[in-house]
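Each of the next two complexes has subunit A plus one more chain, namely subunit B in the first and subunit C in the second.
Showing the complex of A and B:
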């Protein structure tokens, strides 16, 4: 069995923000990076399926879209135990439909039995790439999965789809399938320092981006969100803050 | 005729609130508003919102949502009606088919949209990036429909009323590759956080499982009920029944005291209508401060220690 896991290196914005001169994005100097949290769960789930099946022949392939800067996220997945990684070289539009279009031929060439994507990325929260990719691959799919039971012989899986309010929709899906993986489905393992070091040496296959077509959207303007009514700031020492909080609570609970 | 087409969201025979919110969003665009109800018996689901011009019943065999059914029905509706804009909720159901329709038909697309406007004829959508810390206005390719997934609770529900026309649209749906089997209720916990007047809510900022008993004690001392944000449930530290947010409980206590919660969109959706929101976080740009009435940029442990001394 082969499982492809599509991952993203996400941008983490710190305490301060400045915008690029054209005001269409955040100045990259103000960004840190990490493996998208949802994708670490997706990678872990792929590893668990392999371990539970006890089949060493199974292969787990990590695919990402981006320039060389996204490789640390991919190496993190290799350090967790993925077998190999392919990066689709791209630095243009990042809307989810475009990303899905770029992923599709590369994932398709792997002929996977399962494709996992995180439900969403922590930076953009679009929750769309996986479902768009499933369409382009003509795969059955389920979004927001919190449990997977595979029935390989019958070519199907029973999965839990997590709806709002924690209600679970038990869904039977034909395989091969694409599933978008929700946090909490497992506890992602920590990569050992040794594995992280080893993963740094592993080759990452590079493929050229295919036709990206017209983007699904263009950013016209990016800006700091208007503060609502604005929180009233409680300042001073921790003791001052605690006293103010205690006072407000007492007042409001009267 | 150009129109804004909404796909109604319903679950187990009841219309969901987001449908009325989509009507409010649609009315900002000026065009006639049609609401498609894809269901086994569409007439049993009432769409009674002011501002709806037409209700389009789309009868299908499946009683509950299946993404292949909705995808196929929406593609047929778009082909037939040529809407300028299609609005769906940014919900788990829509995540399962909306982006697929956009990819297949090459539509303009954006999700988690929380603001909508017209610039001349062009639709401008506002959504957040970088973990909710910045907003962006998006524009879309000319000459094709735009499909938008609208953030729940971003728009007020449309008032009830209206006298829309009704029509029926029949569609042949292929067999589903992902089939609804059953629903399982969320686990019931030892406390009902939705009925508490005072919630002490903790998040990722507490750092480790060993820290939790301290906040259980603090909650007890303050007379609060302890609730949490999703990461603590994902980590297995607290039961799902204590979780505030879209996938947990929606709460509206008199006081919501958030310690170490950054304020992911899904969390805010579950608590932003609380009476008084007090947030303590080390990150001054944390999104929780956008909904908080009182905010302190401070270490949550320092504040918790001081609160414990007071009570």
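Showing the complex of A and C:
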């Protein structure tokens, strides 16, 4: 059993934001970085599947696309317990289709039983990489997964996926398959300082990026949205304010 | 980040007579335990607020004469030229930051016990103080009036000489000028008593004389209480205060408006338990409508929106803060820089004030561990040196007040990695449930502030829902371990009165409960009749009594002490807490200690009854607020079972404990404990606090100067 988890080191906005001189990106001086929250759940789910199976032969491989700066996110996954990590060396376009194209041959070469992606990344929030990768790998795909019951022998999984309005779709999928993992599916473990230190010493396999093709989109300009006309402040008792809000909502619904 | 333009008004200069204040942030007179005799502690303490952006900072009440000696409490003093020299340091340091310096000239009358000077205070009438025991004033004749007014003038001249820009003729809190204005104190039948004009005469003449002496280049401030909450006897807004403002507006440069007398000055320095921010605004607004001169006043303002609203709605010209400036001396600067989530908001616990009431140890603050430590320990609330051993990883076990503070400061000191590991699913420890006691919601700010800060620190990671045993700590991979596992209320009745358990007390029984069981674990309090046994003397017993009575229980609050919750006298919470419990029908039993507890009854004796007569209180439930103990199991296991030598073999060079885990203490002292360790994590022996500078006479130095 082998699970490949595709992870991303996301940018985290601080209190202030400025854009680069060409206005096509956020100035990196104003960004922190961390492992994408969804990917920590995906990694944890892979670790739990291995632990529940109790099979030492199972392997969890973390794959990411980027330059050397993205390695802290990968090392966080190693500190959590992933077995090895592969970085696809790339510093160009980061649109999800390009990323999926770069991931596909590397993931394919691993011949995994399961491929996990986070539902989305917290910085770009496009929720497209997993689906695009499934298409390129010709794998069955289930998105927004909140529960996995794996039948290894039958090479089949019963999967819960979250729909709008609190609905849950329970479906079956044959493996290999690609699942995009939703937050809340588990409680990701924390790495001890010792595990973090050990992960720092582990090698990360570096592979050259393949053909990235045409990007799915280009960023023309980033800017702060213009200020609106301002908010109306409601004064009065709680009942008065509630009545006013109800009135405004009714007005807008017309 | 830049300031939000909606706060611009707070940064507009304002004219106070001959002086210009650069913005609207004013540190109201308040005590700190330093006075004139710890001049460097005094100067550094006030200057920190000036550095943090305050436009003016004042002394605490500043005695004008040995006749106004408040010992055992600590005031500033301007009795002689030596005091001038000492207080001039404060003025110089404030001026360096562009802030004005103010002196609150004070004459206490009958409230000043003169325990050091052994002088006799003078007052309008001879009635003993309602604040201080056994203290009478000499009833002033006309010569006395002239002499005391001259004391004000002489002190004002000394204040100017020291470098003060603003001098007060301070009345509120029932001090001499206000005593003349108030029928409760003033029973005179001469031209200084009776009618409003007569009662106002002493104060007006004194202001005139001080103005005549120093007013050409010094701003004259008057601090007045607009309601003493004692009906006709006390000062009243319409009858006394507004006419006084009209009478004296011409000769006053700035009005400082508050409420209350001295014996219940918690109505002014309001605990958050009873009042929200801005409680004094109605009185301040009333004065502002009459006064042509600027009006300033307190209201425990921490929110810039409330400040702006107070100014824009015509209630105040200048935002005065006392406790919020202790909690965060950089409040103005953080508003200016748009860093609102970095503001360390005052929680209104009044632990700062308790120190003055106790008699003058240095000020402390639950939120700001550096308050009072600016000079003697050299601590800056916003600046942190990188630790010399910053290449170490630290494990902090327990995210209560001590653990949170320690992890935060270690993060700010640049330790490589700090892991704050907590058994529960969120930060806070005891501060997750204490703020759920009646009226204590604002105390949750202790957690909120630290949570936000820790979240911003990239080298600090919070790890919830994880319980570590000694082996877990050993294997964790840290070089430095800090144990902050807190404490607990005992379930067997062990207490500081009998130094023994209470026979029958057993919190494993359904009818016997501890504070944590009620507040944290949700253990049901059975039946209608509850006896709360309080041997602690601070907020826990009375808060639980109030909570249970509010829920409809018939509550008896029993203590071995002579008063319930005596420490709440120091925090000014006592009077209103008494009123609350009285209104809720809580039966208060003082000076009684249980001799045994059984299901259905508490049997107790009077602590001074040598014959041991027992009395029985029927009780469906018994709540034990007897004492706390440290949760030191993990520390003991590490030290005694695993052994520090073994830990060193695992690369753990040091293991410390902080907060309640070492010994139960005030929340403020838990925060201090965590802060202190983090500040000194790279000292020779971080376990032992480094010596602090003691401002004291050193006889060798003095003899050498002879």
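Keep in mind that, in the parts below, the second predicted complex is superposed on the first by the 226 of 254 C-alpha atoms of A that agree within 3 Å, B and C clash if a C-alpha of one lies under 4 Å from a C-alpha of the other, contacts with A are read in each partner's own complex, and residues count from 1 in each chain.
In this text, a contact is a pair of C-beta atoms (placed from the backbone, for glycine too) under 8 Å apart; a residue touches a chain by one contact, two chains touch by 3 or more.
This is a predicted model, so every value here is computed, not measured.
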Check: Does the superposition put A:232 against subunit B (first), subunit C (second), both, or neither?
Finding: first
Checklist line | Which of subunit B and subunit C A:249 touches, first, second, both or neither | finding: first
Notebook entry, point to check: Of the partners subunit B and subunit C, which touch A:162 in the superposed model: first, second, both, neither?
Noted result: first
Note to self: Looking at A:192 after the superposition, I want to know if it touches subunit B, subunit C, both of them or none. Which is it: first, second, both, neither?
What the structure shows: second
Notebook entry, point to check: In the superposed model, does subunit B or subunit C contact more residues of subunit A?
Noted result: B
Next item on the list: Answer with first, second, both or neither: which of subunit B and subunit C does A:32 touch in the superposed model?
Entry: second
Note to self: Tell me the contact category for A:17 with respect to subunit B and subunit C: first, second, both or neither.
What the structure shows: first
Notebook entry, point to check: Once the complexes are superposed, what residues of subunit A are shared between the subunit B interface and the subunit C interface?
Noted result: 15-16, 187
Next item on the list: Please give the residue numbers of subunit C that touch subunit A in the complex, ascending.
Entry: 1, 338-339, 393, 395, 417, 419, 458, 461, 463, 465-466, 475-478
Check: Along subunit B, where are the residues that touch subunit A in the complex?
Finding: 11, 64-65, 67-68, 71, 90-93, 95-104, 106-112, 124-125, 128-141, 149, 152, 177-187, 197-198, 222-223, 230-231, 233-236, 240, 243, 246-250, 254-255, 257, 265, 275-276, 278-280, 283-285, 289-299, 302-303, 305-307, 309-311
Next item on the list: Show which residues of subunit A lie in contact with subunit B when the two form their complex.
Entry: 11-17, 19, 24, 26, 31, 95-97, 100-101, 119, 122-136, 140-144, 158, 160-174, 177, 180, 182-184, 187, 213-225, 227-229, 231-235, 238-239, 241-246, 248-249, 252-253
Notebook entry, point to check: Which part of subunit A faces subunit C closely enough to touch in the complex?
Noted result: 15-16, 32, 187, 190, 192-197
